[in-house]
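Okay, so subunit A shows up in both of these, paired with subunit B first and subunit C after.
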Partner chain A sequence: MLHLNTDIDISFRNAMHALISQSQQSDGNSGAPIAFRGIAKRYGEVDALREFSLEIAAGEFVTFLGPSGSGKTTALNILAGFVEASAGDVLIDGVSITRLPTEKRNVGMVFQSYSLFPHMDVRDNVAFPLRMRGVGQAERRARAEAALAMVRLSGFGGRKPHELSGGQRQRVAFARAVVFEPRVLLMDEPLGALDLKLREAMQDEIRLVQRRIGCTVIYVTHDQNEALAMSDRIVVMSEGRIEQIGTPAAIYDDPRNAFVAQFVGETNFLPGSISAGRLRLGGTNVAAAPPMRLGESWSGRVALRPEHFERATERPNGPCIDCIITDVAFHGGSFRYVAEADGYGRLVVQEQRRPDREPFQVGQRTSLSFGIEQAVFLNG
Partner chain B sequence: MLRKQWIAPLLAAPLILLFAIFFVVPFIEIMRVSFSGAGGVMAGLAWLWTSPVVGIVFLNTLQLALSVTVICLVVGYPAACFIALQPESRRGILLALILLPFWTSVLVRTYTWSVVLGREGILNASLIWLGLADGPQRFMFTPLAVHLGMVQILLPVAILTLVGVMTELDAGLVRAARVLGASPARAFWHVFLPMTKPGLVAAAMLIFILSLGFYITPALLGGPRHRTIANLIDLQVHQMNDWTNAAAMALVLLATTIAAVAVLRWLVPDRSLYGSAR
Partner chain C sequence: MTSRVTRIGLAIWFGLVIVFLLFPLLFLGPLSLNASEILSFPPQQWSLRWYRALFTDPSWSGALWLSFKVAILVTVISVAVGTAAALAIVRHRVRGSAWLYGLSIAPLIVPGIVIALGMFMVFARLKWLESLPALVLAHSVVAVPYVVVVVSAALRNLDETVERAARVLGAGPWQTFHLVTVPALRSSILAGGMFAFFASFDDLIITLFVSGALETLPLRIWNDLNLRLDPTVAAAACVMVAMSMAGLGIAEFARKANLRRLQTEPDHG
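Then we have the complex of A and B:
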């Protein structure tokens, strides 16, 4: 994603460099490793989190991705010290923090509602963590200004939070969270209240700042696009459990189960079975070799991404499916089709735009093929 | 749009009507009657200025109102914190308990204090029984009695106002302060307390204004030596039958109240009262 304004971008980078060279003089500005060891949290009869174990490397950007009620915020709140775990231990830099009060954990945090102090101006908000750490007024002021410059809000120090736009408040909240150079930064749906354009621009900025500062980030979101775009690793969660941990590409290409396949990216599920080593999809025999690991007999679902489909040619790259196009949507660089296929149901198909071929029309009959090696075979 | 234009005045109409009939009209009438006598308003004000009693009573009233306000806020604040931190169901019960005394008339509650504080009262009996006092102590007709009575009556005002503000407060702000390095005490001092300032100002304003006009409690518990302006006005009307002087005092009391409100508004401007980060 490119920045909309190059001049602003350059000044932003300069300010970044200034901040980083300044912070490099002080110690401990790199990230700290984090470990969750068998964390569980029960609310009465409800398991908000169970057997949550995770090792996060220093400087890593890890996203907890899941729907509401999946336990992602609970895990974050246990790390921050807002919630006490029923079992397990959390370590930062190899040291247990379970018994430390919130203020001693030395983590930065950005909240969805920003939680800026309305009675303080922007500068005092940003300087607050420094003030709590006994930093003198002159240094406090200088460092707050540097942090504000980093988020491109120089000159906004004297304003009150309610005089700022949503995006500006978010930047202030971010500046406040990193001004004391924490080794761990927690972000709880920080972009949830912003509109799409701003959200994408902010994703880039957060990543940029994080890479330069080097802090370990745990980012909580229910937005899979955000998770895929920003993370080094994603932890997909549902109902208090970890469903899968992996890089964005690994999770997208090789979802472990139907929940992950459905929650991360768009997925078509085809009913599939193997009997006597032969693969059947939606009741039709398919002339393709199923994965060896599934053995002679198997029944489940086959997941395919919308972009895995191609127009069937004379020599198709795999199984073919006959269908009727029922909807066409223009997406700039690509088209998104909805197709109705006999025996398979509704399929979502994405196709790159190319000058040498006409897009499908609604009502058009066609044949689509896919490479069997791209299909993910899911049990159940 | 058309609906909005007439609905607002319509909604305010009953209040405006009530205010006009029962406050503005009688007020103007009293002023007219009072100042139509010999000398008029200037005579009344001149008497106020020259009378040695009025000045002292005035200062006493202001001091009483101020100290009652401060005591109500200091005692009410922790109580309000406690109630605001309770789960919602329990909060309702506690607020109902706070409201309970409101259902009893001020007169009854004030007389109850004289039962407690009198020579043969419960307090003296208890003190003697415990061996903390040799004989009956004097509690009635002291500043202590007046303060006790007024604080007991006005404390619910402080608590209700403060609980309202505290429950509205975004708990996330205190969490944010904590995670950013503030101990519980510093989070309270730097975030919670300033955020409840609107409630403190509103409660202070209400209690101070109500205290300035208190009549029954000082009269019954304070006796003649601890009169307030309201008692003095009553004295002028009922015993001296001097409406001009009474009206002059009422005017000065009103002016004092307005001045007090103005000072508070000036100290805490609207902007910081209602400005929010959300």
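Then we have the complex of A and C:
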């Protein structure tokens, strides 16, 4: 297995070098900046997208993350030209593309359903964008082969799409989308139809290729793990609105509201309040100083990630919660516990596995603590 | 135990139905190979003379050629109109596309005699009866629905993002149509065209009302039966059956293969 991977890695790297030297020969390919300016889309009474404004830097990998109906695909389709915005403007490289037909926008795109041309073989599929750009037959063939080698499908050029597996088809679709070295690459849930292992392998592959080609990527997904793993920045969306924009770490560590906290990663919410400058969590006074910005009086929710809890020691690092363990799940490098705490309800706790301590057992009573500086205070 | 009895019973029933359906052929085959001047069964002597007559006797070969010419023209018109209609109905979701679909397949449901009578009255008023264009137009009315049904089914199975992919990768609307949409649907369009061809090729009722002196092969057979009974009729019938079986067999195979290939794309969403 390891041996196989190394082999693949070497051939992959060689192919990448071939592709990159080609791209340097052409126009020093690099990503283009993208700007959404006040985009809105209404379908009758429904706002699919409202006041959508976003600046994306050249070469940036930005993910639109949200549940279905959040407007993420609508925003992508407006950029691609499949859907016309009700208001606003989209710019690529500082030039408005709102009035350009789809085929003139010069962007690459990968779809969830692969969308290969069923009657063309793999090579013709990959060469299609080059053919549309008037590239000659010989060069077309060479560049299609290089792109296929890049996605580790050398020798598959003569096959028809229906003869390939799902993962292979998606790699062909990816090769087809980047073969003409677009400065902007759009990906609409490209890994949604693949199984978990394949998805993780493809995530790495996509990132690697993107870094080397340098194109700007907009990636649409509802999978928060995918978004956290791949993105330079994440745009969290719900109901046609942007909830938060930030790096994966910023969004994970400092979610702006309960929706983001809940949608990205796992979160425990504790009811909290401050009166006369004293913090109460779940009805218990806590000996910890609340953030100054909240003032003397506040009420809302306190969000804590599962890994923020620790076993309380004699000198705990913050507030302590007494609880009883109700479920234990082994996750390889860590354990995931479900605990029931008086006054707080159900808590999800994650603990690294360590040789010097026994894991909790179901039914065990324990006390957990957390550092108040890791807690996120959310209004409402 | 019952299932075994049921199975045998069904097998016998199936055999009977097949025999019933093929019964005319069991007579027509030998009849067409009969050396005798009159239609007699079973034949005393064997000969291919009636097949020779079919292709050499001007009244027969002329009818065969006319039928062929009309059917080809009908096929061309039906494929163009039917494919365009399917695109409008499935892809562009024009206002009232459900109605448009219903309207375009209505000739399959309305009894042929009603359509024939309607055609007759319209063409009589226009003084168009007994002309080739009138015959082609009349046949096209009943042939177009086959193309609409077959092509729109295939189009529904062709993921719309395939066409979107072509557009975003640099193809204009027309290039997308002729480089992606049409080739992806090629076998279904071929199948629809075959069905249209035979809708025209073996039509008698509409031809009876509209064509007058223009004698297609089915009309020639019909007229022959009214006058005298010439064994060339049997030869003509056998040729028609063979052509239909081959043509419709190919069409059905192509249609199924096309749908299967399109369905290997995963569901969207």
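Operating definition for what follows: the second predicted complex is superposed on the first by the 375 of 380 C-alpha atoms of A that agree within 3 Å, B and C clash if a C-alpha of one lies under 4 Å from a C-alpha of the other, contacts with A are read in each partner's own complex, and residues count from 1 in each chain.
The definition used in the following text is that a contact is a pair of C-beta atoms (placed from the backbone, for glycine too) under 8 Å apart; a residue touches a chain by one contact, two chains touch by 3 or more.
What you see is a predicted model; the values in this text were computed from it and never measured.
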Fit or clash - subunit C, subunit B, common subunit A: clash
Touched partner set for A:82, first subunit B, second subunit C, both or neither: both
Which superposed partner A:98 touches (first subunit B, second subunit C, both, neither): neither
Touched partner set for A:326, first subunit B, second subunit C, both or neither: neither
Which of subunit B and subunit C A:161 touches, first, second, both or neither: both
Touching both subunit C and subunit B, counted on subunit A across the two superposed complexes: 80-82, 101-103, 105-109, 111, 113-119, 128-129, 132-133, 161-162, 176-177, 180, 186
Touching residues on subunit A, where the partner in the complex is subunit B: 80-82, 101-103, 105-109, 111, 113-119, 128-129, 132-133, 160-162, 169, 176-177, 180, 186
Touch list for subunit C against partner subunit A, complex: 158-159, 161-162, 164-172, 175, 180, 183-184, 186, 261-262, 264-269
Residues of subunit A defined as touching subunit C within the complex: 80-82, 101-103, 105-109, 111-120, 128-129, 132-133, 161-162, 166, 173, 176-177, 180, 186, 193
Residues of subunit B touching subunit A in the complex: 170, 172-173, 175-183, 186-187, 190-191, 194-195, 197, 272, 275-278
